[in-house]
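Just below is one structure, and these are the notes that go with it.
When the chains are written out, they are named A, B, C and D in that same order, and each has its own residue count from 1.
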Amino acid sequence: MKNNVLIVGGGPAGLEASSQLQRLGYNVILIERSAALGGHLAKWDRLFPSGVSAQDALKTLLGRIEGVKCFTDTEVQSINRLDKSYNVILSNGITVLADAVLMTTGFDLFEASRKEEYGYGIYNQVMTNADLEAYFRNHSDKRIDNPRRIGFVHCVGSRDEKAGCRSCSKVCCATAVKQAIEMKQAFPEADVFCFYMDLRLFGRHYEDMYLKAQKDYGIRFIRGRVAEVAENADGSLQVKAEDTVASKPLKVSLDLLVLMAGMRPSVSGRRVGELLEVPVEEDGYFSVREGIVSGQRSPLPGIFLAGAATGPKTLPDTLADARAAAVLVDDYLSGIFTEAKHYKNLVRELW
Amino acid sequence: MVDFGFGLVPSSRINLDLFDKQKYEELASVEPDVRKCMSCGSCTAVCTAGNFVTTSLREAIESIHNGQPGKALEMLGSCQLCGKCAMVCPRGINTRHLILSINKIYGKI
Amino acid sequence: MIYEGKQKIWADYQKEIPDDHYFYVRSCIRQSFFPASEATFLDITRNRLGKDIFETEHHTTCGGIAYHSDTIPQETVMTIIARQFALMAKNGYENYVCSCITSFGLYCETMETWREFPELEAKIRENLWKTCKLDFAKPKFLIHASDLVYKYRNLIAKQAVHKLVNVHTGQPLRVVEHIGCHYSKMFPSKGVGGAEYPYVLVGMIEAWGGEIVDYPERRHCCGFGFRQYFIKGNRGYSISNTHKKFESMEPFHPDFIITNCPGCPYFMDRWQYVIAESTGKTYGKDGHGIPVLTYEEVAGLVMGYDPWDLGLQTHQVGVEPLLDKMGIEYDPEKKYLGKGGKDIGQPEPCICMK
Amino acid sequence: MIPMSFILAAQAAPEVIDRIPSGYNHFVIPFCVGIVFFLIWITVGCIRILLNIPHSDRLRFWKSLVSPVTIYKNLRDLFCDCLFHVKIWKRKPLLGYMHSAIAFGWFMLILLGHIEVALFVPKRLGISRSALFYPIFYRFFVWMNPGHTTLRGWVFFFLMDFFLLYVLSGIALAVFKRFRSLALGMKHTTKPSLADRVALYSLWLIFPMRLLAESFTADLSGGSFLTIPVNHLWHLIFGDKLWIMPSWWCYSICLGLFFAVMPFSRYMHILTEVLWILLRNAGIKPNHPRKGVAEAEIYACSSCGLCLDACPMNVQKKNLKYSSVYFIRFLRRHNERKINDIADKCLMCDKCHALCPVGVDAPALRRAQRATVNESIAYDYSYLGSAVPVHTATEGNAPEVMYFAGCMSHLTPRIIKSVEKVFNAAGVSYVFADEGGGICCGRPLMLAGRNDAAAKTIAANKKMIEESGCRTLVLSCPICFKIFKEEYGLKGVNVVHYTQYFNELIASGRLKPSMGRERLVYHDPCELGRGCNVYYEPRAALSQLATLVKASKEYDESLCCGGSLGSLTLDTRDRAKISETAVSSLMVNNPDKIVTACPLCLKTFSESVANSTHQVSPVRVVDFAEAISESIGN
C-alpha cells in the first residue's frame, strides 16, 4: 500500500521533496497556495554565485515531479490528527488522508515599506531586490532610467530588532553583490555602492564574486547601514550612512536605491502551522525537533519541515534540506509508521 | 561681518559626491589593485612607520574613495616603502606601487 | 515623491484627539519669545472654535530643559510632571494639552517609563503626596497643542480670510514644515503621521492651501540641542546644524517655515541672522531670510489676525515679504508699537540681512 | 710578428703592383658614404657623452686612461669582452664561438688588411691617398706579381683567408641561430627592430660578398686555401667571364649599408662597448637613465638577448618584454611610457647584469629611471629622530655585536629567534637594535628610486649604530646588508651578514653544530649573492651540519624567489609563477630542506611550497639561522 505524503508549499523545497518521495514510491500530494509552482524562484532572473538562470533551475525541478499530484491555487482548510495520520481538507474540496505532512512553506520577503526611513513606496527611485529581479526579466521599470549612481542597502529587515527580525537572512549579501554586478553590466558607466554591516559571503565561490565585484566592476563597498534617505531638489536621492571603517558620517546622491529585503517567516505558512499546532520559535520560524542531527523533523510525529520554513536558507541549502526531509519521511513511514501495535511507543522512543 | 565669538564648524561628513572619479580611474589604470582592498587593516598593523606616527594604507585608500585625497597623501608621507604591507596583504595588493601611484597622481598640483 | 505612499504611512499613524475640555499648560520658552502665539491659540480655541480650554497659573515648568541639560535627577522631573497632571485632575480635566514639544516628549517618556516600571510610578505617587499633598493622576489623552490645531485645521480653513497662496501668481506658497524632534522621533506612534513623515503640520498647510517642501535634511534638528546652545563654546555646533538645514532647503526656495516646537522657530530664526551677519549668506530672496513661524501664527494669519497682534515683529527675519505674497495688509508704522500704541523699541539694523 | 727578412725582401722585388693607378673606383662610394656617416656620428656621440658626464667624472676618466692599473684592466676587458666574448664562452661555448668568430675574425681582417697595405703599398695609407677605403678593398686594387710571391705574402694570404673562413663560420652559426636558437643554448632571442634587420642582413651578406669578390679577383690579386679554389670553381662555372665589378659593388654596398644603419641598430655596440668599458673601468656610475655614462652603456648593449634567458620573469612569455634588452631598446627610442613600465616591473635580481657579456648594469639604469619619476614624491620623515631606538654604551663595555633584524625579519620571527639562540649558544654578547621595531634600512626606497628619502633613513640608523659603540653589525636580511655595506659608510664597524658571522663562529670553534643526515639545498638570495658576492660562507657553514646538494641554478645563476622588493608592479600571480620555478630549480636533487638566508625568500618560498598543488608532501623551507640553531641542540 502506498502511503500518502502531503507537501505544503510548491517552492523549490516542495518540488525537490516531492520528486524524491515520488521516486521512493510514495503517493505525493503537493499543494500550492498561488497559481504557479516555483515560489520565489519563479520570480528570480539569475542565481548567485555563477549567474545561472533561475528559470532553467526551476524547469529542472519541475521536470522531476512527474506523477506528483499537484494542486495549485489550493490552501489547507482544516486538519484533524487521527490515530497516526492527518485528515486534511483542502480549499478545493479534496480531502487527503496524509500519513506524513511535509511543510515547505518557505518565506515571505520583508515588506520594505516598513523601513519608513528608506522611503520604499514614497521616493520614486527606491526599489527592492525582487523589483530588480523583475526588471532583469522584463527589462522595464520606470524607476530605472540609465542610473549613474546606484546604491544597494544590505540587511533591510534583517538583523534589525525594530523590524522584528534579529537574524541574518543569509542570501542578501550574495544577492546584493550579484545584482550590483548585473547593474554594472547593464550600466557600465554607473557608480555602484553597497552599504553593508558585515559582508557574509560564506559559500563556495561567493568570495570570488565579491572580489570580482571590487576588482573587475569597481563596486564600492561601504561598511555602514543606511540610516536615512531623502529626495534632492532634482529628484535624486540623498542617502546617509556612517562609514564605520572611516568612523565618519557619510552622504551620497544616488539615482537608484535597491533595498535588499530579507526573509521573514511565511504568513500563510504560519497559518497552516497553527492548524497543525506546529510550534514556532521566537523568530517566527517553525521549531525543529533537534536542530543539528535531524533538522527536518518537527516536534510533532509525522510532520516534517524543509527549506526556509525553518529559517533563511540559500537555494542549494533548501534543496539539500528537502532531500534530507525526504529521507526522514521515508525512514518514518517505512519504520515507525508500519508498526501498528507499537506506534506510540516507537514515536516516544524514536521521534 | 560680525564676530559672535562662535561660528560654523566644518563638517566631518564624507560627501561621496565629491569623489573625483577621473583621477581615481587614472589611479586604477596604473595600479588596479587599489580596487581590491577589503579594509582588513593588516597593512596598518605591520606598518614600520605606523609604529611611530599615525599612518594607514587602508585608511589612505578609504580616504581616496571618500573624496579626501589630501588626507591620503598626508598619511602616506611617512611611508618608507619597506614592503611589509605587501607581504601581509591577504589580497596580494601591490602596496608599494599603490603608494607611489597615489603620490604621483594625487600629489600633482 | 509618491504621495500615495505617504498617505499610507499617515494612515498608520493616527492618534485619537478628544473633541473638547482641555487642560492647557504653557511653554517656558514660547511664553518669553513668542507670547502672542499661545495667546492666539487660546483665542482661536476658545473664541473662534468655542472649545473649553482651561489653564491655571499654578503650573510650573516641566523641568525638561534642566532634564536635557543633565542638571536634574529623573525622579525630581517626574514629580514635577506628576504635579502638573495632578493639577489637571484637581481641576476636573483629563485631556492634557501642552504648548511645548520638550514637555510633550518628556510627558510621553515619563508615562512610558511608568508603564514599564510600575514601582517607579508608585514612588513618584509617594513623592507627590509627600511634597505637594496632591493625588496622583494620569491624563487620559496627552495632546500637543499642534495636534489640536491639526484636528481643527478644516474648521480653521472654513473661517479663513487668507489662504497660503501667493496672491500675485495664484501659486500655493511653498512651505517647509519642521517638527520638534521630541514630538515623534522618540515615540512615533504618539505623533500625527509618525516620525519619518509627520503629518501634523503638513495637514494644516494642505488644509490652508499651501504646498509642502520635502527637502533632504527635513529630519535634521534645528540646532537647539539644549547643552549645545547653553554653553557659548558649543554654539558653533548648534549653528552648524541649523546651517546644514538651510543649505539643504535653499534649492527648494521655500516661502516660509512652519514649526511646532519652542526652540525651533527661535533658533531657525535667530541663527539665520547670525549666519547672515557672520558669513554674508541669506536664504530668502534678495537678501531676505526665510520667515519662520509657529503654527499658531500661521493659523492667525490665515484667520485674518493683524500680523503685529500675532507678534510677528518679534521675529528676527522680517515677515513683510511673506505678508505681501499672501496679500495681507499691515501698517509698517505700527510694527514696533505694542499694546495701547506703546513703543516697544526697534532692533539694531542688520548689516547683511534685510 | 713579421720576421725582418721578409720586409727586406719586399723592398728588393715588388711583390704587389697597383693594378689601378688612381687607387679609386666608383664602387667604393657606398662604403665611403656609410663609413663617413658612421664616423661622424660616433665622434659626435662620444663628445656628447663626455660633455654630459659631470666634470669630476670626466677628470676621473682622463686620469684612468693613464693609470697603469686601469690600462691593464681596459686592455684585458677590451680583449676579453669586445673581441673574445669570454663571458659568453663561459656560459654557452657555441654562442661564444659565434660571437668571437664575427668580432675577433672581423677585427683581425681589418687589422691584417691594414698591415698588408702598410707593408705592400704603404703610400696608400696616407690621408690623401684613399686611406679610407683602400685597405678594405685592397684585393681589388692590387695585382700580384706572379712568381714573386714571398712567404710573407703567402702568410698574409693564408691569414686573410683563414679569418674570412673564421668569420664565415660565425655568420653561418648566426644564420642558423636565427632559426634554431635553442641549438645554441638560447631559449629566447630578441625581437629585432627594422634597423636591426637591415643591419643584420647586410652583416650576413658582407662576408659572403667579400668571399665572392675576393675569389673573383683571386687570380689577379692572389689568395689562399679558400679564395683560390673558389676562384677555380668560378672559372669552371663561368669560364673567363667573372662578375668582378658587380661583386665588389655588392660588397661595398653591404658594408656601406651596414655602417649607415649601424647607429640605429644593435650593432652600434661594437664600438660603443669600447667607450663603455673605459668609462666603467674608470668607475663612473650613471646618475641619469639616458644621459652621460648611461648613453654609452645603453649603446654598448648588443641586444644579444642573453638577459632574456637570465630574467626570472621569463617564466611567462608575456613578461619577456620587461627584460633589460627591451628596456635599453626603449631608452634608445625615448619611449617614455614603455621605459617606465619596464623600469617598474623589474625584480632587480641583478642576474642580467651579472651575465651581461658587456657588463651593462641595467638594474642601475632602472633605478635611475625610477628616480626620474619617484624622486620628487613628497615625504615627511620628521618622526625618524624619535623613532630610532637608542643604544648608548659607555666606553669599553659595548656589546660584541649589534644585531639589526630589519622590517622583513620581524614578519619571520623564526629568524630572529634562531639568530638569538645562536648568539646565546656561542656566548656572543649582543644588542638587538630594532627589537621593538626600528625603521627601514633605506634599500627599498633606493630600489624605488627615492635616494633623497633613503638618505634620511640611512642617517637616522647610522646615528644609532655609531652611538651604540658596537664594532660589529650583524644583519639577517640581505636587503639591509647590501645598503649597510655599500651606502652607510660606517667607519670602524664591521658590517657582516649572519651567514658570514655564523660561519666565522663555527670556524673559530665558538659554535659547534652537529652533523646530521639531512640533504639541504641552499638558495642564493639575489641581494646576498649577486648583490654582495657572498656565496662561500653560507655553504661552508651549512656543510658543517648537513649534506649540501646542488640546485639547477646556483651562485650568480641563482633564480630570484619572486618576492623581491625590487619590482614595483609585478603582481602576485606572476610572482607566484617565478617562485614555483625557483623552487623546482632548487628541488632537482630532491633535498629534504630548502635553506635560504633572506626573510623575503623564506616567506616567499614557504608560501609557494605550501600553496603548491603539485607536491604531495611539501619540502620544508628553513632559514639559514634556523638550520644552524637546529643543529646546535637546545
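Everything below uses one rule, namely that contacts are C-beta pairs under 8 Å (C-beta built on N, C-alpha and C of every residue); 3 or more make two chains touch, one makes a residue touch a chain.
Computed from a predicted model, the values in this text were never measured in an experiment.
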Chains contacting each of subunit B and subunit D, listed by label: none
Most distant chain from subunit B, judged by the mean position of its C-alpha atoms: C
Rounded Å distance between subunit A and subunit B, as computed from the means of their C-alpha atoms: 40
Intercentroid distance (Cα basis), subunit C paired with subunit A, Å: 46
Gap in Å, rounded to a whole number, between the CA centres of subunit D and subunit A: 67
Intercentroid distance (Cα basis), subunit D paired with subunit C, Å: 86
In contact (per the touch rule at the top): chain pairs: A-B, A-C, B-C, B-D
Subunit C residues within the subunit B interface of the complex: 232-233, 235-237, 239-240, 243-244, 274-275, 277-280, 351-352
Contact set on subunit A toward subunit C in their complex: 113, 116-117, 119-124, 228, 230-233, 238
Complex interface listing, subunit B residues touching subunit A: 12-17, 19, 21, 28, 32, 35-39, 58-59, 62-63, 65-66, 91
Sites on subunit B touched by subunit D in the complex: 31, 33, 46, 48-49, 51-53, 73, 77-84, 86-88, 92, 94, 96-97, 100, 103-104, 107
Partner subunit A, residues of subunit C touching it in the complex: 1-2, 4-6, 8-9, 194-197, 214-219, 251-252
